[in-house]
Amino acid sequence: GCTKKSDNEAAGATTRAADQVKIALVPGGAHPYFQPWKDAATKAKADLGLADVTFNETSGWDQTKQNDVLKALAAQGYNAFGIFGVAPENINSTFEDLKGQGFPVASLASCPAGDVNKADFCLSTDVELAAYKAGQAAVEAMGGQGNLVHLTGNKVDSNTQRRIAGVQKAVDETGGKVKLLQTVTDVDKDLQSAQKAVADLLAAKGTQIQGIVNTAYNPAVAAAEGVKQAKLPIKVIAIDDDQTILAGIRDGSVAGTVLQNPVGQASVGSYALTKLAGGCTVTKPGVVIDSGSFVVTKANVDNYETDRQAKTDELKKAFDGQYLSCQ
Amino acid sequence: MSDQTTTVTPEAPPAAEPPAPRKPPGIPLWANPRLGLVVLLIGLVVLFSTLRPAFLNTALTLVPLQADISVYAVVGLAQLMVLSLGHMNMAVGRMAAMSAFAMGLAYDRLDVPLPVGLVIGLAVGTLLGALAGLIISRTGVNSFVVTLALDFAMIGLITILYTRFTDGVAFSGQPTSMTALRNDTFADYCIGNVCGPNVPLVVPFALVAALAVGLLFRYARLGREILMTGDNARAAELSGIPTGTRVVQAHALSGLLAGLAGFLLAANNGAFSASIGEQFLLPSFLGPVLGGTLLAGGAVSILGTVLGATLTQVIYKGLNLLQFQLDQLKLYIGLVLLVALSLDRVRHVLAERRGAQA
Amino acid sequence: MILTAEGLVKTFPGVRALDGATLRLAAGSVHALLGENGAGKSTMVKLLTGVYRPDGGRIVLDGKELHLTGPLDAQRAGIGVVHQERNLIPAFSIAENIVLHHLPRRLGVVDRNRMRAEARRCLDLLDLDLDPDTPVADLSVAHGQLVEIAKALSLDSKVLLLDEPTASLTGDEADRLYAIVRKLTTDGGRAVVLVSHKLEEVFAIADTVTVLRDGHSVAEAEPLESYSQGQVVDLMVGRAYASVTLAAREVDPQTRPALRLDRVSTAGGHRDVSLTVRPGEILGLYGLVGAGRSELAKALLGLDRITGGTVEVQGQPVRIRTVGEALRRYKIGYVTENRKEEGVFLDQPITRNIGVTIWRRIARAGLVTERAERTVVADYTERLGIRAASPRQLAGQLSGGNQQKVSLAKWLAAQCEILIVDEPTVGIDVRTKAAFHELIAELAGAGMALLLISSDLPEIVTLADRVAVMNDFTVRGELANDHDYGRMSQAIIRMIHAGPDPEQTGAGPDRPDAAGEPAA
Amino acid sequence: MTKLLTARVEPAGRLRSLTRRPEFTLVLVALAGFVALAIATNGNLLSAGTLGAFFRFLAVPIVIGLAQMVVLAIGQMNLSVGALTGFCAMVAAWAMLEAGLPAPLAIGVALLVGLVAGVTNGLLVVFTRINGFIVTLATMTIIEGLRYGVNGPDTFQGYSPGLREFGRASLLGLPVVFLVALAVAALVAFFFARTVTGRQLLASGGSPFAARLSGISNDRSIVIAHALSGLLAGVAAVITVASSGSVNSSIGDDLLLPSFAAPIIGGVALTGGAVSVAGTCLAAFIVRLVDVLQAQFDINRRWIDLIVGAVVLGAVLLGTARQKLLRRSS
């Protein structure tokens, strides 16, 4: 009769010393957010004495392509992976594939959709919390009342749904003093559509709006620019610390921004992956860890980096003491 | 009417043939476009495996490569179906997505077995294709415009549907056999000690599709009549071919194949999600065109399409292994494609020279 | 000699169209270039005008050797041409088409006034009263042809090549064209090369003749007077020709008609058209260009709406909606007049071109057995004497006559009982034409009912049993054919010009021009 | 010879012939849509700010539609227009910020890059004899790579204040960039209607063989059309850089489909040989109306895609139906 080979006979995990570990950091595609990963990768390689750490952003926001990239990297000898999954809804199968080959896998900067994480751990911004903080910052900048608009990315993305929930929560807490006038989705694909959407929005309702909170990059850039140009007294809360946005905070056109911790994700992620390759195990497989989010305003625009560094150090300690168990 | 009329008529039947065929009209083997592709393909494989021996890694390169080729060969065939008419289907990707949505819904909500869901999804793809064909044949509006507009409409519809029927953007439930399709190769199945080749389970789907399409255009009246319609719709109409129906059928088959491609991609990726088909449009043209199918209609090459799809995927794989960064990657893909396309031109020029001397 | 071309060679994939042909042209003469279909006449014209480049041989104009790299070179050198195929840009105005090769310009901008004036001048040469601003798309075939000729005249060239210029012209228009050709050669000292299958016209106007056969010139610049028409035909064909008698047919007028039209009117504008065709009979349908004959045929096939009257096939009243239905249910076939656009599939092999009508019959479970197809196709290629390198050759690579045969073979293979044949011999050489005539007679002899639409009066008189005369979208009358050309032609012409119906006004003899608005 | 052919256009007939043109449907649709939207927004659409934004973001769709139209005129397509616009925009910003060129020079560089890319497309089509659709598909990929190569995924901002001032300036209540787009449209219209090269391009597009026999080089027409297309993409890039104030490598991603939508709704046939500048501009206007509709009424973007799809199809069907009716009634 016909028999089927057992599924997980190859999955015997091998341990590797640090100088045998080759880590691949793979974002979902090209995005300014991931740029700090490059430097963090170089630094991790030197600090941890790794064989190699590479950064590959050629996935093009396509899960199929990302899977190809990952397999190509594995074929090239990379044996530990930090991944931002393009499609949170089916990234778990990709994680399982890689784990099946005996590689440690980290879900970085985003966790799979649903409650299950098949990677060893997920180190990511708690997007709902970050959006909540951004919402709060916006409410505060608006003086606790008025109309707020939320600009965000791809509607069919579980992270977008979380962000919408986070902002909604912050608005709800004002007890009706702040009204969420509109949530505009799908304006993160490219800068020009974002600019057009912002211009049209301001043209239609500019005078009724007191605050704009952004939870995606392109609309944040467009909103900062658009509000400045329209000379409207609207408070803009942006996201991340791209140069353009920091400049906006300094010149006052942006009221604040919510930072995430890409460097921490890459460096702590690499650290944990190295440990896992060396024989450690995660105490709670699939654990989800918040890499932190920080509100930056004109007040702390020049020294927020210390807070972030502190969070990163704290994360590393938490891995040593709490998330990893090593013999 | 008994009068006898006269006319000039040759004494002998025209047996003495003046322009005696000096050589058969077929092109020499070396000038066959498919052969050029094969040579280029072999060249690239040799190049890549010299530069990166990992190119020959079975589990990480060759098996996924075959799975990808299967998807894109079927995508190419979906486009080929309408190229045969001289039409285009700008909505291949979205038709695939709609089919995949139907399959996902069937598996998730109705718990149907794999083949049933597949049939349901393919039926949806077929219907969408038929709709496009119907609009085109009824109104006479260019297929490019109709399918482009349909594509626009479906982009919206798909998201609306997914947000309505799933909480995320993908269906969670699917039959367990989907996992086998995704993970297994025939090498995992053994009779005694004899195991199958290292070929993913999705490959036969693509092979069957390619064979069926080949059979269709070569032997089936339907396929032949589609080709005749593509060559000269007016003459086809006057030869008794129901050209309107053929247009609808070709587009319906295009939708069906798009649906199959969507299924294969879902199998490869492990989920029926809204993003299926987003990247289908450009590869759908590359396969057939690299394989020598013109956009003008009336002639198709199935083998060429499969080879074209193979070539593009090999290029992707190779460049991935060479670890180019994004800007270089795109640059080289474009350049290699241009070279592959121009090679055909060089071959033509050579063939013409030879032909002229003969 | 103003122009000499020697040893011209041109090879296409699989065919040597010209194989050392020679053309010598004297100033001030009209030179006929004759040959069967596919002899290489158009290829020669195209070599002389830079459309193709020769694979061998040389072209000398006014003592200087020419190396033409494109049509522009030929125009600059003073060679004008009207090609066999129509080459106008439909969306452009008459004026712009006429002067397209040398658009008058000022600072890169088209000088429209000069453009119109120049076009007017060329149109006046042809006595054509057309508005130069009319888009060419709105013109009839004949007017298009005349504009094409005006375009060639606009060049004031030393040599003018006319490749079958009168194929779509009426007698009057052709006469006017030839008057101009005469004027150009005698007054202007120009040389004209005329390619035509209408030998009467050729003998009426040409001074010298070159005959091509299979890419060779078998007569080179001989004075035409020294030949009779028969001798020229012998030269073209390559052996002596004899008249052969077409078998006489006897049709019992009591036989049930295969096709009967009773007071049929159509959306296209036909009124009260009544016709009958019996099995074994050829009904000739004669009329001037634009009389509405082709459109009637198409209406019968369901391509246009029939709005009144009855159509009966084999005694049964029918309503045909598609060509497929006409073919399969009623066994009606239609050989179109327009073979390039409607008759053949240029990029398909001969087998598929002929096989297209029989697939349904020979298919088993929707699949066509290639062997069955090949047998049937081989049968018809042989019976019609289709000359091709192989049955797999693409139809587009055949000469016009052979394409016409392919277009006919398709309908023979379909085993029709009623066949409508529309202008079967336009642009066909004498021998093929004779072969066609024989074939058509043979088909009738075998019991097929044939409706022969033709503007070629001798053809009608030769073949038809009865002649119906159509003008202005209605049948003017019907005559029994007594096969006496003189008597028949007079009777027919008289019938066409017999005044219009009393209630019809303004439809005079020049009515065909306005046929675009039949339902006015 | 015949009344039909020699009939002169009478003054009354001129109006009639105007209403018979395919663009007439579009004028009606555009007017009706605009008025309806103005009423539905209680006149907000007519307020200076809204109107300004409306026309400011109409400039690029018009120019990009024209960039596609000039290649459609010869029966070709240019899939690289969007990516090229993005690339030129990035180059212009790079020239000002990194290379320190003054704005006018940077504009010149961007236009030149567009032109060169266009010429390259044209030459590739001519030399490889491959359908332009496929060639530009390949060059699009290359240009996307180059576009990304200029500055990675990061955004350029804060270049020449003068240029950005220009991008925001208004004249007679209309944004200057929109007037620039209109001027460009007028030039393109003049090019096709009156210049020798323009006529030759249309001749090549309408019937290449006939054009060749008239001594027109179809190859030259192909190269010129693609060059023009590239140049227009460069113009679109300059407008983008001026009016938006910041650019990054995502610029141009949403331009490909609109570039086809405008000329196609505008009645330009894909087979070549005919253009309609007015139709293209009107179609861009109509699509822009849908955009504004979305912003004014907070409609789900996905419905907008659906609506745009329906509008494209509807406009084209309406046009075909109208032409059929006209033909029947004539």
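For reference, chains read A, B, C and D in written order, and residue numbers begin at 1 within each chain.
Keep in mind that, in the parts below, a contact is a pair of C-beta atoms (placed from the backbone, for glycine too) under 8 Å apart; a residue touches a chain by one contact, two chains touch by 3 or more.
Because the structure is predicted, anything quoted here is derived from the model rather than measured.
Undergrad: Touching both chain A and chain C: give me those chains, sorted by label.
TA: Touches both chain A and chain C: B, D.
Undergrad: Report, in whole Å, the distance between the mean C-alpha point of chain B and the mean C-alpha point of chain C.
TA: 41
Undergrad: With centres defined as the mean C-alpha position, give me the chain B-chain D separation in Å.
TA: 31
Undergrad: Take the average of all CA coordinates in chain A, do the same for chain B, and state the distance between these two points in whole angstrom.
TA: 37
Undergrad: Two or more other chains in contact with one residue: find those residues in chain B.
TA: Residue numbers touching two or more other chains: 159, 326, 329.
Undergrad: Chain D: which residues touch two or more other chains?
TA: Touching at least two other chains: 148, 300-302.
Undergrad: Which chain C residues touch at least two other chains?
TA: none
Undergrad: Chain pairs in touch?
TA: A-B, A-D, B-C, B-D, C-D
Undergrad: In their shared complex, at which residues does chain D touch chain A?
TA: Within the complex, chain D touches chain A at residues 41, 44, 47, 49-50, 52-54, 56-57, 60, 148, 152-155, 157-158, 168, 240, 244-255, 291-292, 294-296, 298, 300-302.
Undergrad: Taking the touch rule as given, give the residues of chain B at its contact with chain A in the complex, in rising order.
TA: Per the stated touch rule, the residues are 52, 54-55, 57, 59-61, 64, 68, 71, 159, 162-163, 167-170, 172, 182-184, 187-191, 195, 265, 268-271, 273-275, 278-279, 316-317, 320-321, 323-326, 329.
Undergrad: Can you list the chain C residues touching chain D in their complex?
TA: These residues of chain C touch chain D: 49, 51, 70-72, 75, 81, 83, 87-92, 96, 100-101, 103, 105, 108-110, 128-131, 134, 138-139, 143, 510, 513-514, 516-517.
Undergrad: Which of the residues in chain B come into contact with chain C in the complex?
TA: Chain B reaches chain C through residues 1-14, 16-19, 21-27, 215, 219-222, 224-225, 227-228, 231-232, 234-242, 298-299, 355-356, 358.
Undergrad: Going by the contact rule at the top, pick out the chain D residues touching chain C in the complex.
TA: Residues 1-8, 194-197, 199-200, 202-203, 206-207, 209-217, 273-274 of chain D touch chain C in their complex.
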